[in-house]
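To start, the structure itself, in structure tokens.
Chain IDs A, B, C, D and E follow the sequence of writing; residue 1 opens each chain.
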């Protein structure tokens, strides 16, 4: 399980995360919510190892990984679907998926069919360059790519952004399915409230780099949270 | 005007002014030659390089056009001036031909090629100093920018341009003296080039040109047009969708910058006494980029400082460590990139800020 | 304005004059083989020419060997007794054989004998003379060479010998060569018209520049002029076609050199986006590695010389590759995302590497020899193909396709492309970006080193080697379209062939200028190179 | 007074010309060291001031000025390329100092402050062509003039073309070809030469190809199998140093014309080579013609200073004309009033060991001619810096000195 | 079409044989607000590329105000005609401040000399302030755009579009990355803008589309699948099948 404790993060001189804490457990979805620019993405990046934290701990099954390089975290089960998708534009869809194989032992380097079953459109586009796909197609590819690494912690930064309704539903059920498998901790950053509410087991609401409310789904009152998200 | 001269620029111009006044005085006989006289021309040369660096920074730092061929514009300006100086020699050449320069005489040229006409007049030469490089930049840029050549592709074709010009000017048939170039100048505007007063005049002219170049560059970049340039540098596509004719803007700064480089070349030639196709060499143009990068790209003053520092280092080191200086210079380049990400100017400014912060802390401590 | 000062006290001039006075009268009368050989060391080159001529006419069976030794610079005169000896290499120095008696005189000390000097004219004469004398040699190669040198002399005096040789010849190729040599000779005699016509036909069939030169003087011969002119125009036509083929070959070969020089850059610059100004110096390191290997071999194991390049190649990859990795780990690594600053830093590296090589190996050219399989040339029709160029072409293609395979088919290649397209994302996919970056840069550098091994065979090995290729390399990569290996391929061969087709028209200087102008214009048409990525992917 | 006399050494130690010039810096250091060991000059030690003009022509002028103004050197030994010499010329004139220039060059220059110890075209090119035309040289009738495209080859070839025509060579028997600096792909040109040479007449190549381009040129010659017996190449810029970078086995018989070869068998030369090897600490290092030129130039300067009793430039300039010092080929070279010196001209053949063997030499010494007799405008000029003429370009038609 | 602002007729565009737009026809009247929805990859962004001159169609015409053929001009000309665009992936000028980004977009002279010699006027300042306020970036107007968060960049880009004051606004997925409340605010904003100028909005958020309350065009495989009020099209079984899901 992931246990983020009192993380501080700076861009140059400006502090964007102030003592942020968060937990994520296998088989559970933790939703991170907050208005634009409150630091959600920054938090995600700190967890994945893209940004160095100034202080605080990121415990992964008891080990502090806060100083580990990103690839080492990935090889220990972290996978990310970043905001903005970050598809490798000049790799084909297949190659994009294959990049995730770096985490796996040589013998297991295969793209699992189950991933493609989740997003059938990718099957048709296997040999197209990732950068040529439409925005929504890229988003699906990004999720699929993360799943190829067989993660034990899946971090999704606004995965519904730009996705057509029917596929949002599919993604929702995919996340639910992954959650229900029970071996994966999921962190979901979402602005789309209904989507988050349906999936989340617990919530974290952020504002100006701080966690202003956190708790289990049952404890949360929708109108309160909506209030917090309003400007 | 106030907006044009910010603090940084003010300090720099003041420094330049002091240098311009003090150096000729210190080197004059009246002052007992506190410093050797040759420093006047030497520093004059640095000033020309600094102007050249400012010209490059204008296109590279503010519009993202990395020209690896700016040496060509410098050299063309230099050749235009060199041609004037050659014509000034008149019948004082070794063969005594009243019209033809010596290199044409012994290779049996019968008459002056058409493109040499007019260069016996200073005003014409002065015009060509800016017009020749400006025109080349305009034509080259017209095609390249219209075709949306950008990034490394543009850089490499500018390099191809200067390389092609170098090979062309090497050819004796071109009528520019081949590899030997143009040399053995005697006087400019009737003034003896070896006279200390002429040297001082050229030095001052270089300083004025540098100050002028800086002001023009500053004026362009601080204007509303400057913002478009930055937009083009950062997101060219986006700027187009806002309705800006990107190619016109690029063409404009590219041409202005080329003309500025031409002026630098023209002032450089009488001070060093030779112009030769080597000035077109791709390595020379890369060196200009190095100056700008070292001084701090996109700062104008940094570019000028970078040129000054690198060429000064070259002067000092080639005399002091003739067999090791490349190690020192190469090491300097590496260290600056690794440790001074903002270039020399950036480092100076952070240094000053820290110092100020430190000083104010101290004063506070004292106060409390 | 020329004043010639005569300074008669120059000692050896005087000695030469004395020798002339002694020898000259002797050359006049007919003399025996032995006497002629004894006379060889003395007199001027002109005298020696007469002596050689006389020796070749003696018909003495020893003549060919003596003349051959003279040609090869192995004929010496002993300083103490003036005896003429032939030096042969033997273990631990040279052994002297008496030129006349064939007696083995044992080892000789260096400096105890004096070489009998020849000049170009004498060597030409010697070759012809030896040719005429060895037309009947039992060795096929020797006979072939002999026939060729007799062809070159075109001397009618050899016709008899040629006839005899032809009658005895069983090898077809040698027989043709003999017939051709005879044909040239016949044209200069007053043989019957029919025979001359046959000779013209033989030369026409040969069809090369030498045949042309042999025929040309007879173009206005009243008897066979028509045939000769006809033959000449045929030969010319054929040669025009061959000339195009030849130029295309030159283009391919220039292209292979350009590609080798550029292909490492296609990785560091094209794929990784690092403006690596030190690329040329990495090529240079490869060349110096070759030099060092050859130097070691010369000193320790000369028999390995033919293998020197094969030994040097992996070492060059190692040397240049390690330096590349060091550059990446030490400098470039800190500059990803600041691509233009890599230009400044790698320029610094290139200055340092250049000066380091200058300090270690000296500023001069170093000698790198061609192994025997890289020397010389062979002919395809009227086209000359030099072995070194052919091997370099093969080598370049091999490197190219191997690299293509690595990039396209291997997992390393995939990771490498992922890392260069989006470094942080690649890391989040579990790719050790630091390692991949270092290896990629090392690969590019290692290939630059390989290029150096090849270039050492045809160019200077000097501290300036790198500088002379860097500009061309960037042109090639950009012309083809950065980021695409096929681009470098097409760029190199496209530019190579265009250049070589232009050169005969315009000359080398203008050709190169036109080439550059062509690149500039071409980029207007295709602003992202020949093999540009298209579509959204390119903009992303 | 024992303050050292400073001597400037202005040779490129980096950049493209370092390949040739570094050796000249070393030989100067050796000569100065020897002179000091022999007691210095005028009882004062000599001190070498080495700078690196870095193959950058304007930098040559800057460094020259620095040497003279800042370091106060008594004389400068330096430059290789003509353009570097042109670059520093005005500096030496203005500051009235001495430059000793050790490299063969195109002529067309005679300056009061410059002493040309390398060959003028009449001390190298013309005798070489004479040799090739002679019976011994093979009676060449057809000529390829191949050069790098810059002033020295252009001028030399202009002179040679005029000379060859004056000797009855038909224009179609002369092929002129220029290549860029550092040209490295010689396939086309070598095959053109081959074609030009297969026309039946004896053909030779006169090469004014510049330093760097020579190695690939000769490699291509060797690979395409052009032997010296078929088409000899006589070069004016290829010496022992250049051959050191080549496998000379396939090149045996090709020629070079110089005023000195390392292989020349004289006691002076043997001594010089021994000292050079000792100084440089490497038995495999070769000597070459420009090194000899510095040897001559330095000794002339030393002698002139001794004669004048001062290092004052004007005094030395006056004293040096007529000074005669031994050269390394067994004779004496004398400084002539036109600032050029007398030299023997030797033609050497390349040997397997990378040395040249002399196959021909001029019967006596040849005086360097500043102004070629084969260029129309230059033929009118003569140079004599002694009073009363006191100029480098006296026009015999007009009866006065030209220019300023 | 008479009186139309924009008229696409039979437009086709393929990439390497794949038809992204396939015989698309569409009419937009002046002042109209139009929502375009459709599956990922339906060709919505490509349609905008064609209207703005970024991509030239293989076949078909695109008429602007019945006169100008947009398929023949480039992006700059299209922008100058009065077509503004917000990209799917927000693109702003990173090293200019928010205010400068807006100033750059502000309607007015695009010419070289005008920008070189022109000075910013008081009204311009006021306009910029007003827009910054409207997009919630008034406080960060002097921050560099590069330091904004993803959603803030979205807003800035909308602000730039407002500043441009075009006759036709093409808005590609404005609500992506916004909170539900912001989404509604955006819808309101767009509704208020329409009327003065035409707006084409592409969005996948059905609540947002509903809030726009305008005619909806459904694109599928490069052509129009259905057109009409949201309730009408969302009842279309094909639309449900390919887009909305059950």
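Note that a contact is a pair of C-beta atoms (placed from the backbone, for glycine too) under 8 Å apart; a residue touches a chain by one contact, two chains touch by 3 or more.
Note that the structure is a prediction, hence the values are computed from the model and not measured.
Traced through touching neighbours, the fewest hops from chain A to chain D number 2.
Any chain touching chain A that also touches chain B appears here: C, E. Shared contact partners of chain C and chain E comprise A, B.
Distance between Cα centroids is largest for the pairing of chain E with D.
Summed over C-beta pairs in contact, the chain pair with the top total is C-D.
Each chain gets a centre from its C-alpha atoms; the one nearest the centre of all protein C-alpha atoms is B.
As a whole-number value, the distance joining the C-alpha centres of chain B and chain D reads 36 Å.
Averaging C-alpha coordinates per chain places the centre of chain C 28 Å away from that of chain D. Rounded to whole angstrom, the centroid-to-centroid distance between chain B and chain E, based on C-alpha atoms, equals 45 Å. Among all residues of chain B, those that touch two or more other chains are 167, 170-171, 237, 323, 326. Residue positions of chain A touching 2 or more other chains, listed in rising order: 132.
The set of chain D residues that touch two or more partner chains comprises 13-14, 149, 178, 180. Inter-chain contacts, as defined above, occur between A-C, A-E, B-C, B-D, B-E, C-D.
For chain B in complex with chain C, the touching residues are 66, 140, 143-144, 147-150, 152-153, 156-157, 159-161, 163-164, 167-168, 170-171, 237, 282-283, 286, 289-290, 293-294, 297, 323-324, 326-327, 329-334, 336-338, 341. If you check the complex, the residues on chain B that touch chain E are 220, 223-225, 227-228, 230-231, 233-235, 237-246, 248-249, 252.
The touching residues of chain D, counted against chain B in their complex, run 13-14, 50-54, 56-59, 61-63, 65-66, 69-70, 81-83, 86-87, 89-91, 94, 108-109, 149-151, 154-155, 158, 178, 180-181, 372, 375-378, 381, 392-393, 395, 398, 402-404.
Partner chain A is touched in their complex by these residues of chain C: 411, 414-415, 417-418, 421-422, 424-434, 483, 533, 535-540.
Chain E makes touch with chain B in their complex at residues 52, 54, 74-76, 79-80, 84-85, 87, 91-96, 100, 103-105, 110, 112, 115-120, 160, 164.
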